[in-house]
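What follows are several structures.
Next, two complexes with subunit A in common: one pairs it with subunit B, the other with subunit C.
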Partner chain A sequence: MTSEELPGEELFLDRFPDEAQVVRASLWSAFVALGIGALAGIVQALHRVGYVRFIDSADYYTVLTLHGVLLVISFTIFFLVGLFTWAVTRSLDRPVENIRFTWAWYLTMVAGTVLAGVAILGGFVDSIPISADVLFTFYAPLQAHPLFYAGLAVFIIGTWLAGFDWFRSWWIWRSENDGRIPLQTFMVLTSMLMWYIATIGVAISVVFFLLPWSLGIIDQVNPLLTRTLFWYFGHPVVYFWLMPAYLLWYTVLPSISGGRLFSDPLARVVFVLFLILSTPVGIHHQYLDPGIAEGFKFIAMTNTMFLLLPSLLTAFTVVASMEHGARQRGGEGYLSWLGALPWRDPAFTGMALAGLMFAAGGFSGMVNAGMNINYLIHNTLWVPGHFHLTVGTAVALTFMAATYWLLPQLTRRRLYSRTIGLFQVVMWFVGMVLMSNAMHRAGLVGIPRRTAEPQYDGFAFDAGLSSVAELDAQVAIGGTLLFVSVVLFLGNLIISLLEDPMEGTVDRSLPPALSGPEDSPEVLDNLSLWVAIALLLVLLAYSLPIGAIVADGGLFGPGTESYPVVLSWLEVVT
Partner chain B sequence: MSGRISRAGLLVILAFLVPVIVEFRTLAALFGVSLSVGQYLVAVTGLVMAVLLAVTAWNLRAGTTADDHTGGA
Partner chain C sequence: MNVHTYEKIWLVASLFLIVGFIATVVYGAAGAGIAMVDASGGTVDSTSLSENERFGEPGVERVGDGEYEVTVVARQFMYQPDPIRVPADSRVTFYVTSADVIHGFQVVGTNVNTMVIPGQVAKITVDFDEPAEYGIICNEYCGQGHHDMEGKLVVVPEDEYGGDDA
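Let's turn to the complex of A and B:
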């Protein structure tokens, strides 16, 4: 059975009008964040290289915090909750249980974003005593206004409630239906379980340490402890960004390519592996932190290398599904089937280019993950170079491409211009090749990240095969292309919405996998088992390091009354 | 064999070329060839021309064997 033989599905917005409204609201929130984030991006890119300085260098961290938080917290997660609501509703084919509850978690997330956003923007105005120039990692001793931490906490509570909403739909579905968890719902549930486990770390860090500290309730924190709790969350969060992109690659991309998913069981295995493996690795972001024993870092590195497996499985399954699609469309030969893919469709081309860049990001990620070579690139521009390929392209470009595909079923509007859409995704790819390539190269020669005015003039500096000026030019040109690409994306969407609604329907049915759920072992759907294993691994990876950090540095820092007190006591005695 | 290469397809092919163009000097250095900026510019211009010619040749050939539809590249 091919997709043509399936009846054109009823549009999502006709079948589930209330849910479609929430999905649209979530996506729009994501795109507002994307627009502002991209503006911050171009401002800082041009500032760093010294071409145009719109802001004072003292405000660089305000802009960078805005960029980081809006893009990797607001943009990604708002898109995710919209997409997951769509995926659960359509794959269970049932409305949410209580639409008021659904709006409640959405509004909670909006409230959190506004609180944190106000705190960050306050940094631009000297007369307001509010700022949060702490970057998206908020390492102590950098301190933000309490509003920032409160906003983060509120935002995360919103995502927890959203997860509950989807679990509740599934529980009720399960009581009325037999059989396997539908694939998209399975992906949502495993992602959320991972998210619950991961966010415990950042919740503890924010609620027990950073928020009381910024409120003045406690005098100090143990910075190594809050950093470790952050990265306990910070690695799984990268998979939280990726899993919706994977959901799209597994369940939507095959159909756009004209075929069917190669293997449902493999897709389930991949999501289970992410659930159990993504948390016990966070220490790989802390290879250079003193105070964590090398042995623990080595364990984190080993776990990280295991995480390559699900990504390689994904590469295989997704490419196999695309090949199946191409052959359905008449493609032949060893490689010439590539030509039969729908390259004219921005949804396809965007996702395909995103996947390709993800492969490159995977390679540079292996360098980050290796304990020894990490020392070479740690805290250099290499690192932003890496994650602009992963979250900044694999995820962001997939989301933009998927929006082109989702648009008709969510808004009853056709995309205003497919040509602009195609141009936009290709432009993102080219811009990112330039910017990310230059960032990687700059990092290799030691040019730092998070720096407003890196200075390389007036002395001899060996920038490898090129020169600092050449790398700067690549960053500036690439960044500009990326910014223009976002403008084209948003403009195309807005104009589409201004057009008249279209008549009839579009076929957005998702054909079943070639090897369906009946081929996958039942145990894959045993979510409690996987959660238990995940928690066990967390315990193994983290109990000793955290114990040691607290023993060495104190739960709330080492205390302020150390040597001087002892010395004065000695003086009294003698 | 497959049909003609559309303009969309050409756009994608050129996009794939960008990394090669950007790092062409590195690539050449791997083979022990060090290029000056001038030589580099000539080389990558040549590269792009070669690809454009190849695509044109392909399309001319595909054009003679009819069937130039395909939603493909």
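Let's turn to the complex of A and C:
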């Protein structure tokens, strides 16, 4: 798809210039977060293993908060809103209703990020009484500056408004058109419905408890309650990161592979399953929490296991669509069709490698989900090992690869160097194989996550046949490769933008699925029905546990104090 | 809705896998008797632990033949008592709570691992058959000295065990 001469759709940028601007702004916001986050990442990797410790270990947690918040909140969600705006606009083929409203939600999200970011960065400067060294999970009674909670709330409100924007486009489209919801719009709408349900938890936690508490309006909170509300949101947010990647795998990857999506109905089924099942599972992050009865944990586990289904179905559809593409390109044989895929295209290779890593991440996720094995790995380095495969690669690498594909239609620029692009995605893959594999193994021998110096005085970890030094080396090398890969990605993009614009059109049309929406029952598009079922499941999974937590410990806790992170440290040293 | 044959096979296989996973955990919980941390430890006011009957005096207590209870308080950035000494060939029940923020309590190299949440009491029962020495680490970020938070668990041979609160 390099030739500018190809007849194709009008470029997105020409057809929807205002929207393209918002999409570009969102993606750039995402990439700024990615760049800073990656810098924090390499600092952590080298600090933990003890190779390079140029920051104080106490500041490690400020860096880690920055890494977590910037990468899994800012990077992922800014990319998501950009991609979803693109997807809704192009699949409905209509501009947004009011571009100023669109800018308003984008700026709201930026404002939220800046507020929270200032609070976090304040943690580096001792003379400023602002800090938010609470990591991205902000478990009370560790307390952040009110700016942090306020920023988070503002950011989420921005995403709610964005969702409204897309729904509004669809409502108006519906009044003028018949037929099924176009697939990409369907994916956006189901993802947003899931997001509305999921964010209720964190909104309640922040607005009713944490923010008033950090402002001194209430004295204490119930740490188990705010933690449970966090995880009510914390699991579905994982799917919120994945949804845009799935959207790309279902609707863009087949076309990059040279084929068509295998089944549109199945894609819809998958998104409906995510909408229904993503939320009533959050307690699986709390298998080791006292104060939650085993039965509730068990229900969460059962739901979680069923949540594997949509991902397993996706694996099937994606591979089947790629095979179809390969055969269209002349591929043959049982497995040799793989060779016919466009491996020289960084967009393809990046997404394919991301998908492969997701399969590996799925396996380690199944281990996490098992209530009993979880005891072995909970809060060990195994867990970051797992999610650097999922959000850190399946999502992040797919986003980077998709950017290569989106670039011409959003900027009228051709990618400066496909070779660097290809090198970059492969480098990410290799770096992640090293880092993630070592993290998984380190977790199995008990090395904890979220720890500046996982080297202890009283004992040493026993890495069995290998050695902790070998694991450390892998983390350090892997982390460095990942960082360099991000630098190459950003550099390649920036140079592309400095090049002259291209002429003509680029074929970025997305062919219809082999089995189209007409093959699927209408009920799949009945969004209210799915929302009702989702809410019902949430009620079933959460009303009893939350009721019990409040009954046992009270809304504001059985008695705890507040620990603004900076102050507590001063008390310790003096 | 027309679903491809391979797709159906895949779907059925996926469902089997899922049910299989659930079954193994059910077996673990019911059959093999692997106990989970649950709500049975109750709640406690973490601002007045010193007045609490159990947590006022963290330590080891013999409660029956080969049965011990260990009361542990986690706080920024240490465990009390430290080290914890128990005899081999014993069944030990830990009661762990926090005096301040959320901590972890992980006996390295075993699956004794729990969150320690202020206001909540984590209760876990473990059998220690052989003498051994284990590190205990806090695996939840609890403040800027988190990485210094460690403890020790010593399982001493039965005949060397001097008694409670050692």
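Everything that follows uses one rule, which is that the second predicted complex is superposed on the first by the 545 of 574 C-alpha atoms of A that agree within 3 Å, B and C clash if a C-alpha of one lies under 4 Å from a C-alpha of the other, contacts with A are read in each partner's own complex, and residues count from 1 in each chain.
Heads up, the rule we're going with is that contacts are C-beta pairs under 8 Å (C-beta built on N, C-alpha and C of every residue); 3 or more make two chains touch, one makes a residue touch a chain.
Every value quoted in this text rests on a predicted model; they were computed, and no experiment measured them.
In the superposition on chain A, contact is made by A:293 with subunit C only, not with subunit B.
In the superposition on chain A, A:265 makes contact with subunit C only, while subunit B stays out of contact range.
Legend: residue contacts after superposition of the two complexes on their common chain; A:452 is shown touching subunit C, with no touch to subunit B. Of the two partner chains, subunit B is the only one touched by A:434; subunit C is not. Once chain A of one complex is fitted onto chain A of the other, the partner contacts of A:239 are absent, as it touches neither subunit B nor subunit C.
Contacts of A:338 after superposition: subunit B is touched, whereas subunit C is not reached. Legend: residue contacts after superposition of the two complexes on their common chain; A:142 is shown touching subunit C, with no touch to subunit B.
More residues of subunit A are in touch with C than with the other of subunit B and subunit C.
When the two complexes are superposed on chain A, none of the residues of subunit A touches both subunit B and subunit C.
Per the touch definition, subunit A reaches subunit B in the complex via residues 326, 329-333, 336, 338-344, 349, 353, 422-423, 426, 429-430, 433-434, 437, 465-466, 474. Residues 57-58, 60-61, 64, 133, 135, 139, 141-142, 222-224, 227, 262-263, 265-266, 286-294, 297-298, 301-302, 305-306, 308-309, 312-313, 316-317, 320, 366, 369-372, 375-376, 378-380, 445-446, 448-454, 456-459, 461-462, 515, 519-521, 548, 552-553, 557-561, 563, 565, 568-569, 572 of subunit A are the ones touching subunit C in the complex. Those residues of subunit B whose C-beta lies close enough to touch subunit A in the complex are 1-3, 5-6, 8-9, 11-12, 15, 18-19, 22-23, 25-26, 29, 70-73. By the touch criterion stated above, subunit C contacts subunit A in their complex at residues 1-4, 6-7, 10-11, 14-15, 17-19, 21-22, 24-25, 28-29, 34, 36-39, 41-48, 76-77, 96, 100-102, 104, 106, 108-109, 111-123, 133-135, 137-148, 150-152.
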